[in-house]
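Both of the next two complexes hold chain A, though its partner changes from chain B to chain C.
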Partner chain A sequence: MAVSDMLLRLRYRIVPDRLFGELLTKSWIDNVIPVLVLAVTVLVMTVLIPGYLSTGNMADLGRQVAEFGLIAIALTIVILSGGIDLSVGSVFALTVLTALVCMNVLGVPIGVALAATLGVGLVCGLLNGVLVGYLRLRAFITTLVTLVIFRAIYDIVFPKLASAIVASMPSSFLWDYIGFGNVVGIPISFLIFVAIALVVHIVLSRMRPGWRLRAVGGARRSAFNAGINVKLTVCMAYAASGVLTAMAAFLFSARLGSTGADTGIGLEIVILTAVVLGGVSLGGGRGSVGGAIIGTVLVLILSNSLIRMAVPGSLNQLILGVVLVAAVLFDVKWVKNRGKILSKVYVSPTYLALKERPRVAEDPVLAVNDRLGDAQQIGVGAVEGPEDVILDRDGNLYTGTRHGNIVRFFAPDYNTHEIFARVGGHPLGLAFTRDGDLVTCVGGMGVYRVTPDGTVHKVTDETNRSALSIIDDSRLRLPDDLDIAPDGRIFFSEATIRYEMSEWAVDALEGRGNGRLLCFDPKTGTTRTLLRGLVFPNGITVCRDGQSLLFAETWACRIMRYWFDGPNKGKRETFVDNLPGYPDNVNRASNGGYWVALLGMRTKTFDLAMRKPGFRRRMAKRIAADEWLFPNINRGCVIRMTADGTITDSYWDADGEKHPSITSMREHKGYLFLGGVSNNRIGRVRIADADPDWTAPDDYWGDAE
Partner chain B sequence: MSGLITSLMRNLLGYSDTGISIPPMDNMFKPNNRLEAAKIVTRIDGLDDIAPTTDGFLCSARDALLRVSLGPDGARVEKLDRLDGAITFLAARADGELALATEKRGLRIGRPGAWRSVELPEDQARCLTAGCFLPDGSLTLCVGSVRNPASAWKRDLMQHGASGCVFSIAPDCGSVRMLADGLGFPYGIVSLEDGALAVSESWRHRVLRVETEAKSVRPAPMLSNLPAYPARIAPSAEGGYLLALFAPRRQLFEMILIEDEYRMEMMETIDPSEWVGPDLRQTDDPDQPLQQGSVRQMGILKPWAPSRSYGLVVRCDASMTPVESWHSRADGTRHGITATCERGGVVFAASKGAGELLHLSDEREGAQ
Partner chain C sequence: MRSLAPGPASLVKSQEGIVFLLALLAFLAFALFLPAFFSAGNLLTLVRSVSILGILALGMALVVVGRGIDVSMVATMVVSVSWAFALSRSGYPLEVALLIGAGFALLTGIIIGFAVAVGEVPPIFATLAAGSIIYGLGRTFFFTLEMQNVPPGEDWFALIGQGRILGIPVTVVAFAMLCFVAHILLSRTRFGWQLYAMGNNPEAAKITGVPFRPMVVAQYAISAFVAFGAGLILASSASAINARLYNSTFIYDILLVVVLGGIGLNGGHGKIRNVILGTMFVGILLNGMTIMNIPFTVQNLVKGVVLLFAIIIDSLVNPRDEQTSQQGDL
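Then we have the complex of A and B:
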């Protein structure tokens, strides 16, 4: 191997390119940039302002974060619902007044004061909510109006009570504790805030009300069509906003114990800046509590530092405004282009070198022949996408179709057929259990069992999540083929964990070990991943020793043997390497060997492309998927191997029109049945030297009594 | 990593790696099945160039010069001469004088059995792709490439060939005059009404106007951005021209042409018959490359699949604007059209891919 090739291989082994695309699929990626900006800001301020990271300063910041953060969460909830709440500043002022009047003037117990404060906030929020949610007024103009109304009420009431508030001090220990208390140096108000933020975060991201809120904000009409009560959801968002703002006001009152004419003025713009900086999209539906908090901290640090650096107040406002515009601009671009970036960087090809192979035409065993040319055509047009075919003890033929059915053709002539079961997804691999149940791998769904009367039961659709995987690999995306061990364990392959069924071709372009081998144990009812990092593991067949199995790694053009029991348990070795084509299903043959379906043949140009990951990546980016270079999967064949892996026969359809690509074959009583995942028929051809009495169920489970 | 960041930023700002686009088959190039439905005049394996005569055609097919006579009971093919190698072009003058060339021995003028060799530099002589007699008796010739012989056209394309030229030879075979050079595989030539020449420049997908008199005037494109690689041009009796296009352009091919590393290794290590790139015919060979859209689905190869070969004949008006086209699409076989001609108001085309001489129907016949 050339040095450049070795370097290339090393580079693709070390640099995990694919992780970048996988990170972009995560929803928390929206928060990464605000966090980075925050880190940079803190760093800059630490350098610029001496003693910036002092405990006192941090505690002060903590209290401010608690108050501002609650309002930011309030606004986040409203913006998530697709609206906006400009009245938070006035609601804040009004509820601060309520809290102080209750504590200082009326002298009621703190619990009552809290209830009254939250009550006023709820009423203010409900007013907004009813106007926007039920009466369908525009959120912007409505909350602008309520901003003015609430502020007017405050301006009328405040002067009359101002002196009374200042005149008396409440004698509540709890009140003072909330305002000034610390637990191991952390302000108590900050702890309250953290608790509330956690609850809201869980509700928004993990519970139904949160999902509904996002749905309404993201696509109002779709949410309505999905049966969500849109009006109620919107109304409740404003109500929640009012309550959270009131909570912030309560903490603020406890800390300061007084209020002024300018309380809450301009607050909405500060909070809005914080929320947008935190990645909450003004378009609705996107954003998180975490983001809102990050934005709040960022804005507070920025404005506090500017004050400490003696920047005039007006300039301070100007800077905040510029930051807001920049954040909005970035948000718009990010939301618009994130999907585009993702689609471009997700495909991440890697280096895959296959050994040189002589031309098929020069190989006496593999040269194109026409043994499949006169195959009987079964179900032309009646089945679409028969990936796998299988026969029961009575000789009836079963196959899955892309319409989500399992179709049964009746022996002996296979001219009539019926829908045996409706599964709902495209059934790929098929296998019979000892009891005659049909077990199938269903693309995009999992492993399912069909009883002889046609009822469908789920076997498994998830496995253990691996600790270091970024994408969630606990769900089965593309279970492909399966076989059943003598003790009933189901071994199955999942071709790729990075792509859905419809995108399997993209996995070919990557050429990475994205697939895995799994085992479902009916005794425990659990599924476990046995092997990871397999290159499109496809066909599986249990060997006659009952302790090992063969599985095909399609893009690597090899068949591996894996021992799941016995003295060699856990051992994996190459069974056949450097095949002339891409192996799909592997099944037992009557002569003691195995049949292998080659779904397509290798071409030198594609082998070369597999050694050029950069070329494939650019191809995926620059040209349409239909134009991508591919292996020649218009030419497939079936090969027969001995039990030790020597290829002895090949079966071709010379003109490649009836069976261009072959993904499965089963031998039954001297005949070979052929399936193809992109074909619309099943083929049946006589094998001259086969045992005319051999059937797979007998070979697996012994003669039927 | 810096590349990743740059591309991230470009994506973020709404720019992206420019996609590769090729002109769509649209408007006058809208696909039809007329070439696939055309009548066969005769099958001639390896058919390449054709020239009309009074009673039929002269054809070149591999090393043979053939005469096809059209009679009431079908076409009759007779062999006139066998040469020392594949004939790379054929041109006929009204008085019956012929010009043809082979890779080995270069240009010959005369009649079957009485050829006069014309001395040309060897690198030009082995890639004479088209020729045309002018009214004054002089012969104009296209040299596809001076780097590669005519049969290695795929290699020339992959090398970004731009070494082709057009020159004329005086009637006495004496003086040779260069008319244009630095061309990307000129593959067809025809005399325009005003005395200038139209030359198809394959690798740049266009037809150029080449002046015969004013030497300082640079060739100017008459028709550019073709969706396929043009081959030979023939005059039409109505004053227009017939353009044969021998292979399709595909996004993947254009991409291979800018992917230097892949292309170089492909040229070094793989047989040209298995290269990714345009070709004259589809084969069933399992070693052939495939594009995803060409995968046979449910027993059918889609006609719009991105095949490596295609059949296309275009009729242009006197100003070289396309007015009509005949297609054989991905699911057809009449691919690799290398020459056309008009005889008695009927268009004939040579499909090198299928080895067939075709009689094309006229759209206006159906309209009447």
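Then we have the complex of A and C:
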């Protein structure tokens, strides 16, 4: 191997390119940038302002975060619903006034004062809610007007009560405690805030009202069609906003004990900046309580620091405005382009060197013949995508279809068929258990078991999550083929953990070991991952020793042998290397050897491309997916090999009309049955030298009693 | 289709008809019950003060027809004019200073337009934040006093707000002429037709070849420039301009005119006569309330409630089109 190839190989082994794309698929990535900005800001302020991290300053910040944070959460709820609430500043002023009037002027108990404050907030919120939710007004302009109205009410009432508020002091211990109390150095109001934030977070992310809210914000019409009461949900979002704002006002009043003519003016801009900075998307559906809090802390640190650096108020306003526009700009572009970036960088090719390709045309065994040309056609047009085929003891033929069914053709002539079971996903690999249950790998779903009467049971759809994987690999994305060991353990392959069923071929462009081998143990009912990092593991068949299995690694063009039991347990060795095509399913043959389906033959071009990951990356980034260079998966054949891996026969469809690409084959009583994931038929062809009495169930489980 | 020439029957049914009748009623009621209202002096004040509101509303109307909104108009107005005055006091000739002010206003409009058209920031957001930025910029860097008097020794400037042509105040003439220009622009030029197309269905307009982004930038540039012009008239008639106007509810008065007049916030429809109608009604209302000596705060409340009802009626008369309204269309 040339030095340059070694370096290339090393580079793709060491640098984890794929992580970038995988990071972008995570939902928490929205919060990463705000957190980074926050960290940088704190760092800068600590350096610029001496004594910034003092306890006194922190406690002060904690109290402010409590008040502002509650309003930020209020606004977050409304924005999640697809609206906006600009009236929070005025509602805040009104509720502060309510709380102070109750405590200072009327002297009612603190519980009553709290109820009255929250009540005023609720009324204000409900007004917005009814207008926006039920009357379908535009949220922005409506809350802008209610902002003016609430403000006008405050301006009318406040001067009449200002002196009365200042004149008396409430004598409530609890009131003072909320305003000034600490628990182990942490302000009590901050603790109240944390409790409320936790509750709101759980409701928003883990409970039905929160999901409905997000659904309405994310896609209003779809939410309506799904049966969600859109109007009520929107209305309740505004009501919640009013109540949370009132709670903030209550904490604020307890701390300051007075209010001024300018209380709450411009608050909506500050909070809006905070919320948008925290990654809550205008337009709804995206955002979290955590993000809102991060944004709040960021804005408070920013504005507090500006004040401490003696920046004039108007400049402060200017900076906040710029930050707001920048944040919205970033948010709009981020939401719009994230998908685009993701689709550009997700495909992450790596170096894969295959040996010199065997010359098929000159090989007497592999050369194209027409042995499949006169195959009997079964179910033409009735089955779509029979990836795998299998026969039961009675000779009936089963296959999965793209429509999510398992179809049964009846022996002996296979002219009639019925839908045996409805699974819901595309069944790929099929295998019979000792008891005659049909077990199948369903793309996008998991492993399912179908009893002889046609009822479907889930076997498994998850495995242990690997600790360091960024994408969640506990769910089964693309279980491909399976086989069953003598003791009933189900061994199955998952072709790739990075792509869905619909885009399985894209995995070929990566050439990385994205797949794995898993085992479901019926004794414990658990699924465990046995081997990771396999290059599109595909067909699996248990060897006749009952201790090992063969599995095909499609893009690596090889078949591996793995011992799961016995003295060699855990050993893995190459069974056949450098196949002329991409192996798919592997099944037992009557002569003691194995059948292997080659879904496509290798080409020199693509073999070269596999050694040029940079080329494939540029291709995936720069041109449309329709134009990408894919491996040849249009034209393949079936090969038979002996138990030690020597290829003895090949079966081709010379015209390529009936069975150009074959993904599976089964031998049964002297015939070979053929399936293909992109075919619309099953083929049956006579094998001249096959044992006419051999059936797979007998070979696996012994003669039927 | 709405009938082009509203007869007496359709007058009562359409929103503008109702507003027209309300304006008439308010006018009659004030004239009957408020002795100070129906005097030549007051009517002149009314028309003059209303003209400034009307001019600003014309600028707003253009943007609203194109499915946008510009709540930074007042900020642009006070800052650009105040800066011009401050520059003039620091030694620039008033003409040059005014040119700089106009340039500043245009620049803000263009920047906002870019934020909306290219940055795809929702218009109300862009302009709300822009107002805050423009005001902060002005107060921090351009001038220190809130109250900027018209520089002395420039008598011609006073003519804009206080002069008369054939006995009619220049302000009113300016409003009338602007109305005429805007009417021609909207109804007789490609710009106007494309504006309606954009407001009706932005996506369809883009597909059919309307130069969408330049059009958006042009709208905000025009509204900012109109704001500067209105600011000149305001400053000339009062001999000063008060930057604190930004903190008042003036911008809501402008919105009130547009929405009450019957230009739906959805965009795509509304004519200049709607602006005139809205201006009349709001002007009469404000003037009457001032004469009745209603406190400023209560006036705000009344205006707010009236605007709220106007929006409710607007949304009932022009329901939002679910087909063309977009996700995140606030």
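By definition in this document, the second predicted complex is superposed on the first by the 705 of 705 C-alpha atoms of A that agree within 3 Å, B and C clash if a C-alpha of one lies under 4 Å from a C-alpha of the other, contacts with A are read in each partner's own complex, and residues count from 1 in each chain.
As a convention for this text, contacts are C-beta pairs under 8 Å (C-beta built on N, C-alpha and C of every residue); 3 or more make two chains touch, one makes a residue touch a chain.
Predicted model only: the values in this text are computed from it and were never measured.
On the superposed chain A, the positions of chain B and chain C stay apart, so the two partners fit side by side.
In the superposed pair of complexes, A:Lys336 makes contact with chain B and with chain C alike.
Touch criterion met: A:Gly82 reaches chain C, while chain B stays clear of it.
By the document's definition of touching, of the two partners only chain C reaches A:Arg151; chain B does not.
Of the two partner chains, neither chain B nor chain C is touched by A:Arg63.
With both structures placed on the common chain, the touch criterion links A:Phe140 to chain C but leaves chain B unconnected.
Once chain A of one complex is fitted onto chain A of the other, the partner contacts of A:Glu384 are limited to chain B, with no touch recorded for chain C.
In the superposed pair of complexes, A:Ala654 makes contact with chain B only, with no contact to chain C.
The minimum CA-CA separation between chain B and chain C in the overlaid arrangement is 9 Å, rounded to the whole angstrom.
Residues 333, 336 of chain A lie in contact with chain B in one complex and with chain C in the other.
Remark: chain A residues 82-84, 131, 135-142, 144-146, 148-149, 151-153, 155-156, 219-221, 265-266, 269, 281-284, 312, 314-322, 324-325, 328-329, 332-333, 336 touch chain C in the complex. The touching residues of chain A, counted against chain B in their complex, run 20, 333-334, 336-337, 340-341, 344-345, 359-361, 368, 380, 384, 505, 581, 600-601, 603-606, 608-609, 612, 615, 618-619, 621-635, 654-658, 660-661, 678-681.
Listing the residues of chain C that touch chain A in their complex gives 69, 71, 115, 119-122, 124-126, 128-133, 135-140, 247, 249, 252, 255, 265, 295, 297-298, 300-301, 303-305, 307-308, 311-312, 315-316, 319-320, 322, 327-328, 330. Chain contact summary for the complex, chain B toward chain A: residues 4, 7-8, 11-14, 16-20, 250-252, 255, 259, 261-262, 265-266, 269-271, 274-276, 284-299, 301, 305-306.
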